[in-house]
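Each remark here refers to the structure printed beneath this line.
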Amino acid sequence: MRNSEKPFFCKMNTFGHIFRLTSFGESHGEAVGGVIDGCPAGIELDMDFIQNELDRRRPGQSRITTPRKESDTVIFLSGIFEGKTTGMPIGFMVRNENQHSNDYDNLKNVYRPSHADYTYHQKYGIRDHRGGGRSSARETIARVVGGAIAKLALKQLGVSIAAYTSQVGGIQLDKDYKHYDLSLIESTPVRTPDLEKAEQMTELIQEVKSKGDTIGGIITCVVQDVPAGLGEPVFGKLHAALGAAMLSINAAKGFEYGDGFDVNHRGSEVNDSFFNDEGKINTRSNHSGGIQAGISNGQDIYFRVAFKPVATILMEQQTVNVRGENAIVKARGRHDACVLPRAVPIVEAMAAMTILDYYLLSKTQ
Amino acid sequence: MRNSEKPFFCKMNTFGHIFRLTSFGESHGEAVGGVIDGCPAGIELDMDFIQNELDRRRPGQSRITTPRKESDTVIFLSGIFEGKTTGMPIGFMVRNENQHSNDYDNLKNVYRPSHADYTYHQKYGIRDHRGGGRSSARETIARVVGGAIAKLALKQLGVSIAAYTSQVGGIQLDKDYKHYDLSLIESTPVRTPDLEKAEQMTELIQEVKSKGDTIGGIITCVVQDVPAGLGEPVFGKLHAALGAAMLSINAAKGFEYGDGFDVNHRGSEVNDSFFNDEGKINTRSNHSGGIQAGISNGQDIYFRVAFKPVATILMEQQTVNVRGENAIVKARGRHDACVLPRAVPIVEAMAAMTILDYYLLSKTQ
Amino acid sequence: MRNSEKPFFCKMNTFGHIFRLTSFGESHGEAVGGVIDGCPAGIELDMDFIQNELDRRRPGQSRITTPRKESDTVIFLSGIFEGKTTGMPIGFMVRNENQHSNDYDNLKNVYRPSHADYTYHQKYGIRDHRGGGRSSARETIARVVGGAIAKLALKQLGVSIAAYTSQVGGIQLDKDYKHYDLSLIESTPVRTPDLEKAEQMTELIQEVKSKGDTIGGIITCVVQDVPAGLGEPVFGKLHAALGAAMLSINAAKGFEYGDGFDVNHRGSEVNDSFFNDEGKINTRSNHSGGIQAGISNGQDIYFRVAFKPVATILMEQQTVNVRGENAIVKARGRHDACVLPRAVPIVEAMAAMTILDYYLLSKTQ
Amino acid sequence: MRNSEKPFFCKMNTFGHIFRLTSFGESHGEAVGGVIDGCPAGIELDMDFIQNELDRRRPGQSRITTPRKESDTVIFLSGIFEGKTTGMPIGFMVRNENQHSNDYDNLKNVYRPSHADYTYHQKYGIRDHRGGGRSSARETIARVVGGAIAKLALKQLGVSIAAYTSQVGGIQLDKDYKHYDLSLIESTPVRTPDLEKAEQMTELIQEVKSKGDTIGGIITCVVQDVPAGLGEPVFGKLHAALGAAMLSINAAKGFEYGDGFDVNHRGSEVNDSFFNDEGKINTRSNHSGGIQAGISNGQDIYFRVAFKPVATILMEQQTVNVRGENAIVKARGRHDACVLPRAVPIVEAMAAMTILDYYLLSKTQ
């Protein structure tokens, strides 16, 4: 609009086809929130459950997350009557508190390496140095609210979703989620069902944190009891939708489902044979990860999401300033040394919204 | 519409936001084709180039692909005037030839393991046993035509795209594409720039093929000279769009960009430091894979796509028939033992359409 | 893409949310056609019916339409198996014949008044003087094919659609469609159920035609037995969707439903009272036109569409040429003096696609 | 989701392609509001202007509107930094006050004729008798906020928009907006530039109101200095988008642009001749209403929107209750006898959002 060559726009703050979340809010604005459109009517909204989901992503929840404290209480503004969804759009918000904008003063004129600073400035021509702005993980609050409501809807269909930290740095769990008791996940701060590995991961995160550094890892997610038939052929394959959902989470670097990148196998080894299982069609293995030709087959859907180490480290780094001159940057403030524990509920939320959306899509008969 | 509980629908045959491909066609119908909407006007259509792209995905092109022969000649129906695009929708089709439907007679009542048979039947309630129908790789013809036109448009912007087979079974190239001379890719039937590994891969594919079996692998893709600023924050991150595009290709099982699943690193090791490179801002490394916070930063974009072994093998497999009874299936006919060589141009096509679409999106200023 | 300030694009060749028609083709290209996505599977395709719908819009069908002759035979390319839709995208085309491009040679450098010439040139920077190009009424062939298939699907739901010419110039029918026997519509070349007025309209059209002039009019459309509950509140009201559909037809200038522009009434006069009609809820009047608050109420939906006189007249007109100099233009060739008779099936087609799309949308439960 | 045959959904609370408003909120919930996505960055937000726009649609503003009093103060939650838009989504809300839910107690079990009661109940299976719920005119607050911001963006492009009441009951202005001084519109409570007719309209509304009845009318809207080239051919014609936007407003019954339903003319009379106007291409008349072939031609865009009388009247009406039994309903409470004066800013808001959206769409070059 102005005499500028910059493409000055931001779109794509809406997720989904039928069940649609539109999110808004920056880390240092008034509030973050969103509008959920297309939610089935009649879903009983268990407010304790929704708040608990938010608490799972909240900073300051344990010794291995950022000590930043925000209560993150969700306020619903519409779409609910007598405790149930009405089918009308659900507006909601979570107020921002505890913004230490001055933590960011020293970042005003420099680009943090591998952070959103440089690309946002290139794209929008605007330099909002207060925290991450829209690229902040605070944006994921809207996802968690949307995901919590999607989970409540999916519960009525019998679908369950569980994610866990399966790798932090070099410490990794066995790839097969069936080796683990998923009910143990929430008993560890790092959110992993292997209590011994959880301890090692926690120690690693603390060690990394003590140095002001950060560390990457992997989250595994399992979706059970999904009806067969969800997914759209060609461009709307179910795993393509799940992949896009996961890759939209901050710091995500990769997505694989079923055997994924474990490709050194022959068809005769990894094809999932069907058999008559006491009257029901079942498969003897599940290398397919519950999805064949882009459509769910009724087996467990499982996938893994890779996360890079958080870009913000409390160490000196070489960089340039906004004038392109070489400079040194050192962040301060309160940051996560490892996003994995807090990303677990976000992975679940994106999975829940995707599966519900595809379930509703499958109803256009 | 009928008295049936099946959700009898197929949607999602359209890809893209501004540059949009709508594809149609089954393996055993009259033709496959599509409509490209939103293509910039004034693009000179080099018909030899477009046909050559189709030839790269054509069956029967070398000793390691299926011997099925189809000329796959594209016929344009609209949107072109005096050799250039007019900005109007471009309709096109490729006639189907050489359909040996009777190759599929023995599959009429059984579900091939890990194939589309079962899930399509569950979803649509229809059993079209003639080849893969809409799930056939023949559908990718429309993608290659769309991708070829997108490449011609991107060429004007200076963007170049090259993909290659980087792993077949256990034979893998070094992960860093900079170790290779990408101009060698097309000189090998397996489409890999390492001539020695190419030979080994070819031998492996032939060995696997001689047994009627199949084998998986990985394709690496590099996109160079993409302008900084492409990508939409939050749900429309550039890598999320690329991931969805790649995962929509038949047999794709995983996507990673930059360091991807190689997560055992600390932030201090893998952050890409900026420096003043003779007046231009540059990064000393590219662990980010050319995308930061979902937006291109001007560095090379590179990613990897995992492909499972083709599900159709010429061996006896245990399965069930449409009545749920245990059965034995053995496919015959002409099939690829490894999709990788023919998938290379498809990966490039999906990358080209995605990058062009996001370039056009960035223009809504 | 080129060094040009013109926004060189064409989008929006897709209509619908679930049942979606993407159309392609110019009047002087190879073919016109489209892809129908999201069509329910299992719809029996009565090919005679579909061809008959095309014949209703074909030029040269009667003495009051353009004498241009084209057989307009539709060729289906995909999405059909054993005479029924499969749920996969339906590709189709109609070849262009009988293009007298040289009829347009004298128009090469002038803008016809009230025609697409000037605005297309402004928008696309391209001057394709051969007929109307994409703005030609030939584009409506794809709409009629899509509408014919939608009608076949709606027939299974009991929905029927009938449109007729209700005004040509100053000759107008009574506004209430209930005064007419709609089965008479097709018995007159002008497609109106009042045989006497039909004769007067025909005479008027012939008189206008003999002078090389054109004349406007109004089409009324009635949709019966639509289930209650179709339509989406707020921005997706059923009448807003119908309005957009109708206004997208060439030469359309206005849309009204129910009482429409007849606003000089009080609420107490035009509210539609409910009453118990032998156990069923019914209304005593239907000023609402079958839609209340954007949602169908089960009563007849009726609306009217205004069409301007065709812009192309065979008379001398003052205009400017592409260099902006004053000039005289006189079209020659074969043109309709009144679009109404041929627009009737197009109005029906757009209504059918809209109603079916909203029916399918209502199923996302 | 529940064992119910009702299609329990609400979608379509989003308007626009690039500049997109997603609205939420019911008349008797916590708040109404929305999210604006795709707004250009750098637009200075004149808060007084925005609030003034809200005041123009507010109830209780004059003696001819409902005496309901709500301050309707907008609170912005995101997307603004130092008084300017940042390109990030703009979340906003207006709290609901002064809800007299008990005004509606007597309506709990009956359907008000020509109101949303019956169709919403049919569609959603839910009976929220407190006011209009989502069908309430209160929903239009979000439109006015979105429109105000769109107007501020359009102002930078030189585009201006003015709407006025051109008919109430039988009192009508001359059709040609050029006969009036549009700067007088806001000086009358009925929002009409003809001061004498304004007085008559006001008297008519008061007379109607005194009887508990309501009355319909027409609003005319003029958009000036729109650049040539806005609009998308085929399904996305500019007037089709304007039509859909206007018809989505509560109580709208018809839309016409240019000559509209005034069809008794010949092409030779109403074609708009081009001429060289001191070096610029201009037209001698503007029967086209500024849009030719769906694309703006640079002339004034003008259109008219018909509104029915408000359905809620304070008189006894025959109806049925939710069990289908004949019943009498008599509304009480505070309602508008004529929506026109308050609908004027809503018509302008929808026009502003549509024109800006199409301007941004035209930039995808």
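Letters A, B, C and D mark the chains as written, and numbering starts fresh at 1 in each.
To be clear about the criterion, a residue touches a chain if its C-beta (ideal position, glycine included) is under 8 Å from a C-beta of that chain, and two chains touch if they have at least 3 such contacts.
As the structure is a computational prediction, the values presented were derived from the model and not from experiment.
A.B. asks: From the C-alpha centres, identify the chain that is farthest from chain A.
C.D. replies: C
A.B. asks: Once chain A is fitted to chain B on CA atoms, what angle does the rotation have, in steps of 5 degrees?
C.D. replies: C-alpha superposition angle, chain A on chain B: 180 degrees.
A.B. asks: I want to confirm something about chain C and chain D. Since they are copies of the same sequence, is their interface symmetric in residue numbering (over half shared, so same) or not (under half, so different)?
C.D. replies: Counting shared over all numbers used gives more than one half: same.
A.B. asks: Could you give the separation in Å between the centres of chain C and chain D, each centre being the mean of its C-alpha atoms?
C.D. replies: Whole-Å distance between the two chain centres: 26.
A.B. asks: Whole-Å distance, chain B centre to chain D centre, using C-alpha means?
C.D. replies: 46
A.B. asks: What are the residue numbers in chain C that touch two or more other chains?
C.D. replies: 1, 8-14, 18, 23, 38, 40, 88, 134, 233, 360-361, 363-365
A.B. asks: Inside the complex, what are the residues of chain A that reach chain D?
C.D. replies: Residue positions touching the partner: 1-2, 4, 8-14, 18, 20, 22-26, 29-35, 37-38, 40-43, 75-81, 86-91, 93, 124-126, 128, 133-134, 153, 156-157, 360.
A.B. asks: Mind listing the chain C positions that touch chain D in their complex?
C.D. replies: Interface residues on the chain C side: 1, 6-15, 23, 111, 113-116, 118-120, 122-123, 134-135, 139, 167, 169-170, 208, 213-218, 228-229, 231-237, 239-241, 243-245, 247-248, 250, 253-261, 263-268, 270-276, 279-281, 283-284, 287-289, 291-298, 304, 306-313, 315, 317-320, 324-326, 361-365.
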